[in-house]
Every structure is written in C-alpha cells, then in structure tokens.
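First chain written, first letter: the chains are A, B, C, D and E, and each begins at residue 1.
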C-alpha cells in the first residue's frame, strides 16, 4: 500500500482546470520533491492532499484511506504558505494549542521539547507577533512535526530560513525518512530539495510532466529537470 | 554624499535591543547584501531605513536627507516580508494605485509597462486573490520598481520565485545598478545574493559583525562569511 | 471525550486571543452601552411605554453588539492561514464549530451580563423579579444568535464588505429567535412570569436552537472545506 | 494639489476594493431593510411614541452601519502588510487618513441615502419637508462618526496605543455627536425647521467635527509610525 | 433552433394566450366583489404570485441539496435561476399587496405580521443573491449558496408558524381555511395560476441558459489569464 496515491485528479476553479489528470504515488520512506514554475499548481495539489480542498474529479489516498478522514489527518504534518500560527499567542501557547488539537497525551511536554529542537526555547513566551520571519517559520516547522506525522506535506518549507535552520530542517526530514516516514515538498530552492529528495515530480501548468527517481545529474545541476522536461 | 548612511542606530523593543550601535554607509551604485541569522535584526534595520519605524537612538540618512521626509520616500522602493499588494484589486489596479500614490505622471502607462516587464501582462485583470505565491511576489517586484527609485530596499526578495523569476529580478537589479542606483537587500538565498552584491554587511544578534566588499571567496562559497565572522 | 476536549481547546484558544487583544469585546461592549445610554435620553425612562419596549431595546442592543463579536470569529483565523491548519488537524469540523461558538457564547453572555444591570439603572426597571426565567431566556436566545452567527461568520469570512454582509444575511434568519426573546423579555421585565401563550414562544426558542445547532453541525464541513 | 490627489487616490482605492459591482448597493439596501425590520419588532412602529424616537432609530441604524464599516478600515491594510507600503510611500499620514476617512464617508452616506426613503415608506413618515436641513445634519453628523471611527480603526492596528486608549471606551466618544444628530433629526422629521435652542445642537455638531478632524490630522502620524 | 428553444417559445406563447383570456374574463365576465369593488381583481395576481414564489423557493432548496450531493454546476445554475424568478414573483405579490393596501387601508405598508413575514422571506432570499454576487470563484459560490439555501428554507416554517400568534389585519387564508370564497373567484384564482407558472418556467429556463454561458465565458477568461 502506497503512502500516498493520487489518481486521475482534476481540480477546476469554475471551469478553469488548475490540475489536469494528475497521477502518481509515493511509497513509505520516500521523499518526493514537487517542482514546477510559479502558478503551476503545486499548492493546489498539496492542499488537496492535506484534505483542505476536494478534487473536482479523481481521488487521493493517504495510507489507503481518504484524505479527509480524521485518522488520516492525525498522520499528516503540514507547512503551508501562511505559517499557520497565531500572532496573539506565544510560541509555547501555539504549540500547546496544536498538541491539544492533535490530542497528544502531554501537550506541555511535547511543546517544550519541540521548542528546544527548533531552537526557539529562549523566546518561548514571546508573542509570535514580535518574531522575525525566520523565527516564525521555525515555529511552523515545530508545529508540523509536533505529532510525529507519518506523512509530511511541505509547501516551500525552506522559505526565510537561515543556513542553520535549513540544516536543522533537513536533519529533521532526514531523521523522518530514516524512520520510514514519507515526505512531499514543493520548493523553488532546488539545491536544498535535491539533497533530500529520492524522487521528483514536475508539474507544468497543471499537468504532470515528469515523475521518477532523482538522478545524480539533478543533484549536480538543479536546473536540469526544468531544461529537459519543462516548457520552453 | 553617501546614498545611505546609518549612524549609531539602536532600536529597543521594550528592554530588548534588536539593533545595537549599527554604523555603515553605502555609496551610490553599490549593491549591499545584508546578511544575518534568523532574528538578527535585518528586517528591523530595513524598516528603519524605509521610515516605517524610528530608531531609538542614532539616525539614518538617505541621500543626505532624513528617512521620514516625503522627498526621500519618493526615491525609495521597497519589498517587505508581506507582499504589500491588495488581494481585492487586480494586478493592474494595484500598480495604478501605487503609481498614483507616488504621483507619477501617467499611472496607467507605467503600470502596463511594469506588468509586461515582470511577465504578468497576461493576468493583469485577474484579482490578486487568485494568484499563486510566485505571481504575487512578481507583482511586489513590479510595485517596488514602478517609480524608478534611486534606492531599493529589498527584504528577502527572492522568496517564492521560480528560476525564471529570479533571473528576471536579478536582471532588473543589475540594470538598476548600472544606472547608478543603489540596492540594499537581505536574503538567506546567499548564492543569488552574492552574484549581485558588491558589498556585504553581516549582523549578529543586532550588532554589525562585518562590512566590506564582497570577496571572490564569498561568491565561491556562500557559507564562508558565516563561518568566518558569524557566531559559533 | 476527545471531541469535547477539542471543543474546549478551540474555545480556550479563541477566548485567550480575544482577551489579549480585546478588539471585539471593546467595540461590542461600548457599542451596546452607547445604545442603551442614548435611548435612555430619547425616551422618558419613567413612562409606561418604556416598559413596553424594554425587551425590544435590550435585544436590539445585544443583537448589534453580537455582530461585532461574531464578525471576528472566523476572520481571526484568516491571518497566517490559521484556518487551514485547523481544518487540516484531526479536529472534526463540528468540534471546531462548536468550540468557536462556545467562545462567542461566553463573550456574548459576558457582555449581556454587564449590560443588564446598566439597563436596569438607566431605565429604572426592576428586571430581576423573575431572574431565573430571564436568565433562561437570555441563555437560550443567545445560543440561537451565537449558532446562526457563527455559521454565517464562517460563510462570509472571504467576502468583501464582510462586515455588513454578516448582519444582512444573519438577521433575517434570526428573526424568529429575536422575536421570541423580545416578547419574553418584555413580559418578564414587566414583572409577569411566562405563562399560557408565551410558553409557545419559549418552545419556539428551544426548537430554533435545536434545529439550527443540528443544521450547523451537519453543514459546517461543507462550508469550511471546498 | 498633490495632497488632494493623494487623498483621492487612497479613497478611490478603498472604495474600489469594497465595491466591485452593484453588490455594494444591493448589500446596503438589504442591510437597511433588515435593520428597519428589526426595529419594527423591537418597537411598535405605528404607535405615537415611536414617532418621537424616529430620529433616534435612524441614527442608531447609521451608527451601527458606521461601526461595522469603520472597524475594518485600517484592519484591511494589515493583510499582506499593505499599511507598510502606504506608510513608506510619499503620501503623508494626514493624506492617508483623510483618504480613508473620505472612502468611509462615501460608503456611509451612500447607505444613509438608501436607508432614508425606505425608512420613510415603512414608518409612514414624511421626512422630506426640510430636506436641505436634514441633509446638512446628516452630512455633519456622519463626518463626525467617520472621523472618530477612522482614528479608532487606526488605533486598533497599533496594539501598544490601543492598550492606552482602552479605558476610554471607543464609542462613547461619539455620544455628543449622536445625541445632537438624533435631536435635530427628530425635530426635522416631525416637520419643524431648526430654530432657537436647536441651533445650539447644530453648533455642537460643527464644533465636534472641527475638533476631532484637527485632532485626528495632528495625531495620525504618531498613531501610524512607531 | 434547438428543441429547448422550441419548448420555451411554445410555453411562452401558451402563457400569453391564457393570460390574455383570463384578463379578458376578469374584466368582462366577473362581477365586482361586494365589499372591495373593482380592485378585488388584483387578487388573481396577488395570490398566485405568492404561491409561485413559495414553489420556487422550495425548488431552490431541492436544487441546493442536490448540488451539495452531486457537485454538478448545472444544479447551481438551476438554484439561482429559480430563486431569482421566485424573488420576482415575491415582488409581484408584495407590490400588488401594497397597491391593494393603499386603496383599501389607505397606507402603503403596515407592520402586520402577514406582510412582515412575506418581507422577511423575500429578504432571506435576496440575501442569497447578494451573497452570490460577492463570491467570484464559481465552485465556492455554488457551495456556499447551497448552504445558504438550506439555512434559509429552515427559517421559513418558523416565520409562518408564528403567524398563529398574531392578530393580522391581512385577510386570513380563504383558500385552504374555511373556504368562504365564491366558486367563480376560486376557479379564476387557480386558472390564473397556470399562466403565471408557465411564465416562471420559461424565465427559469432562460436564466439557466444565461448562467451556463456565463460560466463558460469565465472559464475562457481564466484560461486566457493563466500562466
């Protein structure tokens, strides 16, 4: 059973197709980099996988279950374009809140642990409103990993992170992969993505242009994929 | 007269000094990359330069004038963390609006021209709400360049841009530099920044750790600066 | 059990961030007070007619004040795309809805609790003769307002002109509930208990609450996830 | 000249993002109807006493619409950090403020213009006997509401200042303005012109407008740039 | 000309013929009503318009529910069309009632519960249209519109139930109540309902077609705008 299976998914905004007949699947323990130019449809696809939007046609299976089911959702960790944390709450309160929502046994302990792992323990009582952009993104990372999700859906997770934070996130992702968890990420920072990815998928204007393993030339030359499979 | 002079600037948030005694200056035609880890104080400094926040101590001069003055502001173009464009307006309306605010002679023409230069002319009547993240960032670029500013203050301008859009922005910046305009940008995408920068400044926890020309080893190895001048 | 815990978590979150910023409470409470104050000037507060419209005035103030709170309820989640994260979490949409409704309810009941005595003073009425029944009416009608308002708050989060869209859409739906509340409060403030015909109004109120709570719980998933 | 052009640009921007289509007219028309409907439940509109408070009801509706629209005025700029871009542009803060106030003013006056005739039909009053004077009162009082509301809206953007303003609840500041407007409108709708004592109310209205407009223009820079 | 157009034209023509005939009969064949005189004839539009309006709102509910189940935009187009036509007939009822009231009671409007409840109902559905106007994205508009239709319709029973608790100035039901109405009037009432229903059907079909075309145009525009 695949960790993630996308079957003939179409998404229309009105009559405009933002995704056209997308099909691919990802096995457990794989890390797939979802690539595509601005406006290709990456975010749209990730939102469907996260159960935030329903495909117009086709369907999506996570671990053999429907994306919208509650048990599935508890297995998924998300970083989206918006950081998804509350400005009026402190870092700690934010994490405790999400730990509570995911019904983790001891919210406070988990929250404290993840603040430490993302290097935010020193500012844990500061309101998020006062955080710098990178600090917010780190908090978003903590929120996404908090409940030990089996599948990570990351939409441009490296945004605004400094070198250390990128290394940290890559480390977290590597650990997750070693533990057999699955990662799907979209990004324009190809270098960082290629270092991790075992597979790649390329979307061109809503259509899947390429899927397959990440080859060594992609690592050596991140622009390779776009040149070969992208549009003119 | 320097394009930009920062003199002994301190900024306190409550008791916390986000900037401590920053001093440097940038001459016309230079491109300075403002580097620093998450939370170092880059955004705080850029906001002060843009006149959006006042230093607690010290002062800032742009082209010999005060940052808050109206004539100064007309010379400055900004890209901030938020994209600073209106979701409910179309791309064209947004640019026309800002052209109007900067009192440009023919807003409509300028707006159309910049939509073309950022590759957005095909979506010019689409509401920004429907844009993908990268499309928004392109529009933010157009907004910042619209009034031919003599000084560009860019806070992580490469965020969310695809390879083409990055090339486009780099091209625009290069043109600006050739015309003798001045650029200050903060970014964590060191490679893209180093290609352009003539100078670098590194902030460590609110303190200026290094300023100087960009040396060839920085271009070859973007992590160099952090290793040599950054904190442990 | 988890369901209830999730409801409480969401409610606690909303209350905490509202109490931090006080954006809605502030506007809502002061507006309710202004209404009561202004009308105490417009009417001769000792006259008989004032008694007759006491219930109406009170509920008008509550309905107006309520909208200010409800407007913020889902709008608050727009910043940083927090709504997405709530939707993506294993919290079922009904729990999310009920949590938010609960937070709004607490805020509204709080505002009403402040307004009632003020009202009593300005209009010189002894509103507490049938305190128990009045509180019952208040709690029932406020729940009606809250449930309908919270659903519409979810429905209108993404609209331009959301601020006037919400009252425009929700008041007509609320009319039965408000009418019952006005009628019953007038009777109670006048010092009479609820009897005879008025029991029908009470039943209407209860029926309204039940029907709309169930509808909301059923429909909220469709509203939130597109 | 540039100053005025900038005011207009800001105002046009705000109006455009609120009113794309006829939608706004529809929305405010139905809003007016809905509010009148609520009033008709709260007060018996056929009774004599209701006539006496006609002005009061009208201004209550206007104040309510005002609160809703004004609350949003600066909050709208928070999304995407647009406020920063406005502050960074060469538009001086007073022009920004006046532009936003102007947009709110136009929206409010528009809603009022729709409400008045509807009010006339449904409450069976001839409100147009002293049309000129009524319009004057309307314009003056609405400007008062707009200026105060817009300043408070700007305050809500700045958390630090808001805490300071907290003790002074927002809307009570408007009471003198609303009281004058209610009194004058009641008189005018009753078919009498403004004379004698009521001129004092008119002067109060004008004074209120002048004082708060000047205060706002002076303070707005401090409020917006921290 | 497709089959659809033919049906539409046929129904329209039939409606026109029936309506002309009814008006002719009303003006020449029917006696004036004992208390109200000539103006009484307005009832033949006033009441059927109300019935048509309610029927339309009910169909809108059905369309909304079906849309939520099927997610087919055709049902959404049907829902808007039928609501708009319902509102038009509701307006006919309100306006004819107001004219009638002006003549019989001497005022345009009174806050009689019968009148008010109709206005409440009308506003509920007008709200639906305003909501739709405010949403650009077609799928989202359809979904939220459908939800609104369900919420709206569940208020209607409350609104009409509470009628029992008020004394009204408006006549009590005569058709389904104790049936005091003369046979000839009643026949005419039902007889005139038929052409009004036909007109409603034609209008709904026209609006639906327009709605579908609008959607296609939107899609083309978006495709042209896309990257």
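In this text, a contact is a pair of C-beta atoms (placed from the backbone, for glycine too) under 8 Å apart; a residue touches a chain by one contact, two chains touch by 3 or more.
It should be emphasised that the depicted structure is a prediction, and the values quoted were computed from it without experimental measurement.
Student: In the chain contact graph, what is the shortest path length, in steps, from subunit A to subunit D?
Tutor: The fewest touching-chain steps linking subunit A to subunit D number 2.
Student: Tell me which chains count as touching both subunit C and subunit D.
Tutor: The common neighbours are E.
Student: Report the chain whose CA-based centre is farthest from the CA-based centre of subunit B.
Tutor: That would be chain E.
Student: Farthest chain from subunit D, going by mean C-alpha coordinates, please.
Tutor: Using the mean of the C-alpha atoms as each chain's centre, the farthest one from subunit D is A.
Student: Would you kindly tell me how far, in whole Å, the mean C-alpha position of subunit E lies from that of subunit B?
Tutor: 58
Student: In whole angstrom, how far does the Cα centroid of subunit B sit from the Cα centroid of subunit C?
Tutor: Their C-alpha centroids are separated by 46 Å.
Student: Can you compute the centre-to-centre distance for subunit A and subunit C, using the mean CA position of each chain? Integer Å is fine.
Tutor: Those two chain centres are 39 Å apart.
Student: What positions in subunit B touch 2 or more of the other chains?
Tutor: 81, 88, 130, 135
Student: Provide the list of subunit E residues touching at least two other chains, using ranges where the numbers run on.
Tutor: Expected reply: 120, 123, 127, 130, 134, 137, 139, 222, 226-227.
Student: On subunit D, where are the residues touching two or more other chains?
Tutor: 17-18, 20, 23, 27, 30, 34, 37, 44, 79, 159
Student: Applying the document's contact rule, which stretches of subunit A touch subunit E when the two form their complex?
Tutor: 12-16, 37-40, 56, 205
Student: Which residues, counting only subunit A, touch subunit C once they are in their complex?
Tutor: Residues in contact with subunit C: 47, 50-54, 68, 70-71, 73-74, 76, 78, 80-89, 93, 97-98, 100-103, 127, 143.
Student: Under the touch definition given earlier, write down the residues of subunit C that touch subunit A in their complex.
Tutor: Checking each residue of subunit C against subunit A gives 2, 5-6, 9-10, 13, 16-17, 20-21, 79-82, 84-92, 225-226.
Student: Which of the residues in subunit E end up touching subunit D in this complex?
Tutor: The contact residues of subunit E facing subunit D are 107-111, 116, 119-120, 123, 126-127, 129-130, 133-134.
Student: Looking at the complex, which residues from subunit D come into contact with subunit C?
Tutor: Going by the criterion above, the answer is residues 17-20, 23-24, 27-28, 30-31, 34-35, 37-39, 41-44, 47, 49, 52-53, 55-56, 59-60, 63-65, 67-69, 71-72, 78-79, 111, 156, 159, 162, 166, 169-172, 174-175, 178-179, 182.
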